[in-house]
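Going in written order, the chains are labelled A, B and C, and every chain counts its residues from 1.
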Amino acid sequence: MRPVMTEDDLARATRRIAHEIVERNHGLEDVLILGIPTRGKPFADRIAVALSEIEGRTIVAGSLDIGMYRDDLDTRPRTRIGPTEIPEPLDGKVVILADDVLFTGRTIRAALDALADIGRPAAVQLAVVVDRGHRQLPIRADYVGKNIPTAATEHVAVRFSEIDDEDGVWMMNGGDS
Amino acid sequence: MRHFLTTEGMDRTELEDLLDEADAFSEVLTRPIPKVPALRGKTVATMFFEPSTRTRMSFEKAAKALSADTMSFSPSTSSLSKGESLKDTALTVRAMGVDLMVVRHKETGAPWRLAEWLDIPIVNGGDGAHQHPTQALLDCLTIRQRFGSLDGLEIAIVGDIRHSRVARSDIFAMATLGASVTLVGPRTLLPIDPEAWPVTISHDLDAVLDRLDVVYLLRVQTERGGGSVFPSLPEYTERYGMTDRRFARLKSDAIVLHPGPMNRGVEISHDVADHERALILQQVTNGVAARMAVLFQLLGGDHDA
Amino acid sequence: MLDLIITGGEVLTEDGPAFTNVGVENGTVTAIGDNLGDAAVTIDADGAWVGPGFVDLHTHLREPGQEWKEDIGSGSAAAAAGGYTAIVAMPNTDPVIDSGHLARFVSDRGKQVGIVDVLPSGCLTMGRAGKTMAHIDELWEAGVRLFTDDGDAVGDASVLRLVMEYVAQYGGVVSQHAVDPSLSRAGHMHEGSVSSRLGMYGIPSEADDVVIARDLALARLTGVHYHVQHLSTAGGVALVAGAKAEGMPVTAEVTPHHLMFSHADVASTDSNFKMMPPLRSESDREALIAGLESGIIDAVATDHAPHAALEKEVPFEDAPNGVLGLEWAASVVTTMTGLGITEFFERMSIAPARILGRSDHGQHVAQGSDANLVVYRPDLEWTPTTSVSRSRNAPYFGRALTGAPVATVLRGVVTWERA
């Protein structure tokens, strides 16, 4: 198991992404951040904290669980459902989805389906800590912490101290735990 | 978890996981499109050998909210009257391509027999006087939404516990989740050996009222009243009914629950039934979310993986 | 040359158990000792017990009238496979055995099949309706010695009293299915902590005890030999002990399933644990084992009750009462009790034959005794998986048992041998 982003790298990337969001959307009017549980949520919360510092007012991130929208339920033994908390109505807003790792793209497809059942955002953008390639669907991220090319058998683990023991990003081979 | 048959023996984590998921499904039910595609392509059959419109509709709504298809079977319109055995009926329905069966039957153990005979998940919608586990789930969900947790709560279940599958399911679920359960009723309506249960007993509702957080009223089965199991309905109401006078003595944040259908004026007064601290309709709404959580747990995954 | 020799067994002789050989000719034991010569058939008992073939006081053969469950042929096969050389057929068939010609039908059919002696029992009352006396004289002429309405207790005490007096004058045995109808009407299992959890109506132990107490009082009044069928309660054992202490001619039987199982086994609502009287508490079970070991309970009787799969594979309350027992009764006794060779044969063969007044079964192995024998290996570990009965309703499949019959002999002919 080897580190590919340290705690500081992660913090710097988060702050940079926050600035990019403000720049791209010309401010934060009608922008809503939603993290995809499990680790998309602490990422979304950290982006919200960074945005709050930039804008001088409190920005709160919500969450969007996609367990009920997965296309692979029949091949997983157990899918846990996490909370969905949408702080304001979605209609007409720019929704920024936040997740830890962008891989096949199927999680984001499920998130787009979930959003469509909840409301009609004006636009949807995507922020991820790591883009590791191997897309199976035409999905791309708007904001990326780090691009890390990987072999399909490798595993990328993002850790947030809100949930895990530490902060950072690690990579391991298929056989590693 | 392969089947959902009983709350007896479930551990605390299993119950809390189900309640957490039921909360998530509650949120789904508030959306403009209160439906998720999780069980698309699956078929849920409700096999209700005992009449029940409300529970059956609740299960069907739960299945549909998960995008599953539903089929319903009831004995009056069926071949059971032509002498077909329960086993043959179940196998026939299964052969039509059913992925899960919800069963209600007047005899204890019937869902366990189906679980032996069939290769699909079975949900117990009520067997005899034995268990009605989804009812316990929605009851605990309602209590948890109100109080945050069941730990340390004082709950009284009042009425005909001896013949109640709702009571049996609730007792074990509530005790496992940390509540203190008291059974209140005349001796002829309490279980035969209550010392073996995780409960305390009282024959005097007035004596326990002041400390209760939740009063759970069971329907008095009027077919039973009047002379054989207890003297008369008016005497029952006098001693065990949730009258306006008794309600006024409850703690200011105590709630009243009832599994329905209510006998207004017997176990619950007309005004209490409509009070905002009587959460009977919320129980019904939570019933759909609780049943969605059960269906999702049993069908939303590959259990051979 | 002898017809049959059984070598190397521990034989229950008139002087007690002895390791020796047994020789049989023309259906009789003709020699006991070493070096008996040759025989047409030899069974090497190799240390197993050799004693009188088992006698069952309580079997349901279902013929006439319910042959889809069992008939005299398949029931006899199950009996032989369980080490039995004589079985008493219960009279609650269709039609019921309340007249002489029907009793003769049963015994003739048994002789036709020819692998176990089928002894018919007769009803106490006509049609088992509990109102008028059955044709006791005819039945007695046809060989019936034990009278019961099995399946229902005779409710009217005055009717029972008169039947007891009539049977007493012959020296026959009156036997009762001692369960009170009003206390048991709604129940399907023992009333206790398990029925309470399951929300099922139960049958309290007192349902048995009130009938036994009443019947013992009437037996005292009439002097009849009264035999308590399928004891299931500690209270019942105590009542029988009290009657015996008074010197009354009272005997009692217990089933193998009541020795092995309790109401805890009913928690699964598997109908293979549903019978009448029901499986009761652990303390009742322990009292039954103690009663059998001490001799207060004279005999083991199977209450072998076949029911077809279509009848038993239903929700618990719908299922008929009863389970199979002939093939495993002896095994259950050696698994669950500490009975040695002498008491084992006393309970399984000698006492039942004595209760029926028969000298051709249940005899110590002696020169001149009828060669109705069983070779039984008390330490054989095995797990039953199937049955030769027509039905399959047994609680023993998949259960480890210690002890099994290895050969059964009826009048010198081997009727069954373990493969």
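As a working rule, a contact is a pair of C-beta atoms (placed from the backbone, for glycine too) under 8 Å apart; a residue touches a chain by one contact, two chains touch by 3 or more.
Note that the coordinates shown come from a computational prediction; the quantities given were computed from them, not determined experimentally.
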Most distant chain from chain B by Cα centroid: C
Core chain by centroid distance, with centroids computed from Cα atoms only: B
CA centroid of chain B to CA centroid of chain C, Å: 46
Averaged-CA centre spacing for the pair chain B and chain A, given as whole angstrom: 39
Chain A and chain C: spacing of chain centres that average the CA atoms, whole Å: 74
Where chain A touches two or more other chains at once, by residue number: none
Residues within chain C bordering two or more other chains: none
Chain C-facing residues of chain B, complex: 8, 85-87, 105, 107-110, 112-113, 117, 128-131, 162-165, 168, 191-193, 196
Of all residues in chain A, those that touch chain B in their complex: 65, 67-70, 73-85, 113-114, 117-119
Residue ranges of chain C touching chain B (in the complex, touch as defined): 191-193, 195-200, 202, 268-269, 310, 313-318
Residues on chain B engaged by chain A in the complex (per definition of touch): 17, 20-21, 23-25, 27-28, 31-33, 35-38, 66, 293, 296-297, 300-303, 305
